[in-house]
């Protein structure tokens, strides 16, 4: 750890902290600062060498004279590109044992497309359209976390049934969001292929632990204001359960003065693919929040090295139960954008 | 609702939207904009009058030419100051049936002080110190949501036992955070007086519903990046269960370039007390994140009209399991700040 | 304008506001809200029709009962895609009257590459390298706005001389940042081809007016926390001087928890190209702040429809006076990325 | 400085960096990290001891393997509480040589009140009202930075005349905002007592240098998204001109989901008063943006230790040229709030 002291800390205070640390068997290396280098005031810094853990840091931080304690740490080992040596893929079995879809690890772009909220009438034809246009996976929400208690909350178990009945017809695996630890059995009963955890539950650690324990592929969505560091630590709750099928999904963040529904975090595709080994997906529908932004957001994600693109489709957006205005509804449009995305993905690789 | 169209929307597109709306029996009032008033381009706006619900808004929003649909709504009725006519208080029974502590509704400032994380050795003496210094309620965490899976996660059930054993000695009610819907029975078994929901669970609606159903007082903490509007809608999940013992707690938000651990949201004390009827508490320890900020943050909260102040205390911060560096540890300091806060709270009332 | 009243506004207060407005000869259309549509409290809204200007809005806003006054306005006409009918290009003459570089209006991707801060030894060879690798314009800063008064502030006039001497050799036009209205004559004396205004001066309206008056092409950089709306209004100060050679440059914004130096605003390329007629440039060096992010950020910008990419190059980054760590230094790397960007730009057009 | 290397940096790369540094005569102390302390990956860190300057840091940062270079620095010495030993005040002469107003350094709360934009009819009576209610200084804007070029830009020189004519009658010093380096002579001609620099010019360093050179008291307003660190460095441009009459003004920042016009930064009063020696003022009108927030925001600022409160008053807000809706217009209201603020300020001192 690195210890930063408040301006004006006295020598006796410094010695008290250092005595404690040395008592643990660690070495302390004071950094006298840069006396002559800057007319700005120095801050006293100590470097500590040894097997430091959280309890040590807490004890040091409790001193009045200590301004901050900076841990020396980085990407959790379970997801670290450097530790794991290469980008890894996640495979998702196709229904009926007919092969699998593989995402990440240098594989071609995977497109996940389906209805935002499952409904009885439109889910099947919408998912069929998505497949014809080139999608590899269908998404569909049966449980919807809604900002207000008066908004539509999803078809729940009926929705999972509609979604998996459609799967049997369409032949693509499905991803669906889980909101409650008590629904794990239900998701297993319907054999949902990829469990999605949503942005509002990005630090609901109990839920992350339970989805991790299922051993199923998990699509982890970044919290709308979580730093990348917080996000990786939270995602690591899933992997710590022995589940190495984590897929990391970006979906835009809260920001100031942006034009779309969320501030896009497209550039994190670059940084994440340089630091973690996990497949990276970009949600073009929830980041932009409008149909007219989807095609080009997907173009950017694909050209920049995302492993997958997630989007809403619906053959009749006016009848969509949630977020119809951001769903792509014309098959030719969808087919063209998926085709262009795949071209861009291939060409963009020259820059990886 | 108010409908905003994209620039350049054609007359035929407008008519299609309006025909749909009129078909529902609503009136549409086009706003032609301010042709002569500004050299900046007009946006076409329609006002719709009638019993509009979420499904109507979705259907309108699905039109390509519609830029946004603005609902005409405000503070949820359950919490609305104007609807409920006055500020309401929440009463929390003292242990052993010896009266109660009342917060809000114009009552004197309530101070909630205790250890951030319950430990076996220091909880009782710390809570005794808090009581002697003038606190009305003790806080203590048995379940801790931690950013990394390797951090200390709390004593769990043992912690609830330590906390409630201390309660029996100290004689003050206790507030403690609940993280998981499966722990509701446990919190009821130990008869925790106030259930706290944390910032990471601010939109974990399943948890909010379940704590609401207990009928217990609930301390709802604002999400670290939730807007006030989102926060009130989420808090309303609790009240919608028939639970009118909601206490709203501010604790700072994420921000850019601030000095303390979080960007303080002290000014929301003003706006909330002008719009909701609920008691408002400010968490001075988690907003500032350091001991040296606590006294004056509490002074501001009290002078500005908060009904309560929440803070960490610990008689031996170096041994605190979590966040010791922000805990107040000297009894005279604590007693002085509580006394000054109460003076400021009283004087500040002249400006309400 | 739309007027939103505070909850609980009385009928007499409403009538006072409406009487004033009707006295101006405008019509007022009250919106009674959605009485039955939502259990959330209604807010009273009035729509006003007529030639409303800023003074009227101020007068209405001064009423106690008025919560907000929403102007009905949008993109300034000078930059509005819908008003101007098509995307327009800006042409920049090549040195010695040997043709011109054209950016925007559907033209091929323009690459602006050069040293962040002009230095005597490395500017010429760095700009020659950029040209050989395929750049169309050279950038180079002679005046540097620096956060601290002790940081290097640029070579100033000597820098303009070095930059334009290099221009004579290289044969590409140059873009350089101007900080002070008193330097306009100097920039004209050295005939700087494109005047750049920086993020810290994004609302320094005096400077924007003066660069507008020169009639020169202007590269306007978005303020690091200005909304798109504020940015377009500020950029319009330039165009209001009769200067239609405005180029709009995105460069990342302040944000929370991002990995790169700034939070990328790549998605604004999409929204801006759908609303303004101006050429759009993305600064890949200042948005990412590190060399390893440049290639793929440029890939995204190009695939998403930017008209230009701006980046730092330097043949010896260790000797760069400012921001060397983000400069591309290997010619083959630069040549490959420019080539791939141009491919992506062409293919991405299929989605415009 | 502290050097942080990218994960996976090889030993040879480390040695290259260290050789360079040792070549400068500095010592390098590698920090091997916390191998056993955390299952999260280590980052290699080097500490460098010696007279490091900006050029050294740049050179190190240019290495590919270097992730970041952290300077060891803090509050600029010119403003540092610890360096300057105590809080210092700034004195502003009263018109006609009749004494002075002193702000900061433990003096009673100073109230700066006046019209947001100077107008011919209302400035004098508004400033007279402010004085009767207890204000110490009058504020009034003659030059207004406005987001759109079509908004009212102030009366300019005529405004300075109106403002100073009123000063002669009222007998209080005046503060007024300057936007353009070319107006310095004008402000000196009218002998404006305190030059204010606005939030949009918070990093317009040319302007800061010129106002610093006048030797006049300067009210420096924090940029709406500048970090405290950036703000102090920018303010230091003023003090570096030999001007020690800097007053630091907070006025709210951009944020996410807040209720008032800006996200209040009240808690920075605490942190700044613990780190800088300068008087601190809080602008309650521009931070809240509405009249109903002013009284209590001022209560918080005063109780929390601000040295001054800045606010808009106008005897006829409906006729105010700018921001009338946030101006206090009733003399008794103003007198009561100022009186309560002063009480709170005095009592709050017990916690300093």
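Each chain carries a letter (A, B, C and D) given by its place in the written order, and its residues are counted from 1.
Just so we're on the same page, a contact is a pair of C-beta atoms (placed from the backbone, for glycine too) under 8 Å apart; a residue touches a chain by one contact, two chains touch by 3 or more.
Since the structure is predicted, the reported quantities are computational estimates derived from the model, not experimental observations.
Counting hops only between chains that touch, chain B reaches chain D in a minimum of 1.
Listed by label, the chains that touch chain C and also chain D are A, B. Of all chains, A has its CA centroid at the greatest distance from the CA centroid of chain D. Comparing chain pairs A-C and B-C, the larger number of C-beta contacts belongs to A-C.
Chain B and chain C have Cα centroids lying 38 Å from one another. Separating the centre of chain A from that of chain C, both taken as means of CA atoms, is a distance of 30 Å.
In chain B, 38-40, 76, 148, 150, 225, 230, 254-257, 275, 292 are the positions where the chain touches two or more neighbouring chains simultaneously.
Contacts from chain D toward chain A in the complex involve residues 1-2, 7-8, 29, 31-43, 45, 47, 49-53, 71-77, 80-83, 225, 254-257, 275.
Interface residues of chain D, counted against chain B in their complex, comprise 38-40, 148, 150, 225-230, 252-260, 263-272, 274-275, 287-288, 292-293, 295-297, 299-305, 336-337, 340, 343-344, 347-348, 350-352.
Chain A makes touch with chain B in their complex at residues 54-55, 58-59, 61-64, 66, 76, 145-152, 179-182, 200-201, 203-206, 224-225, 230, 233-234, 236-237, 240, 254, 291-292, 317-325.
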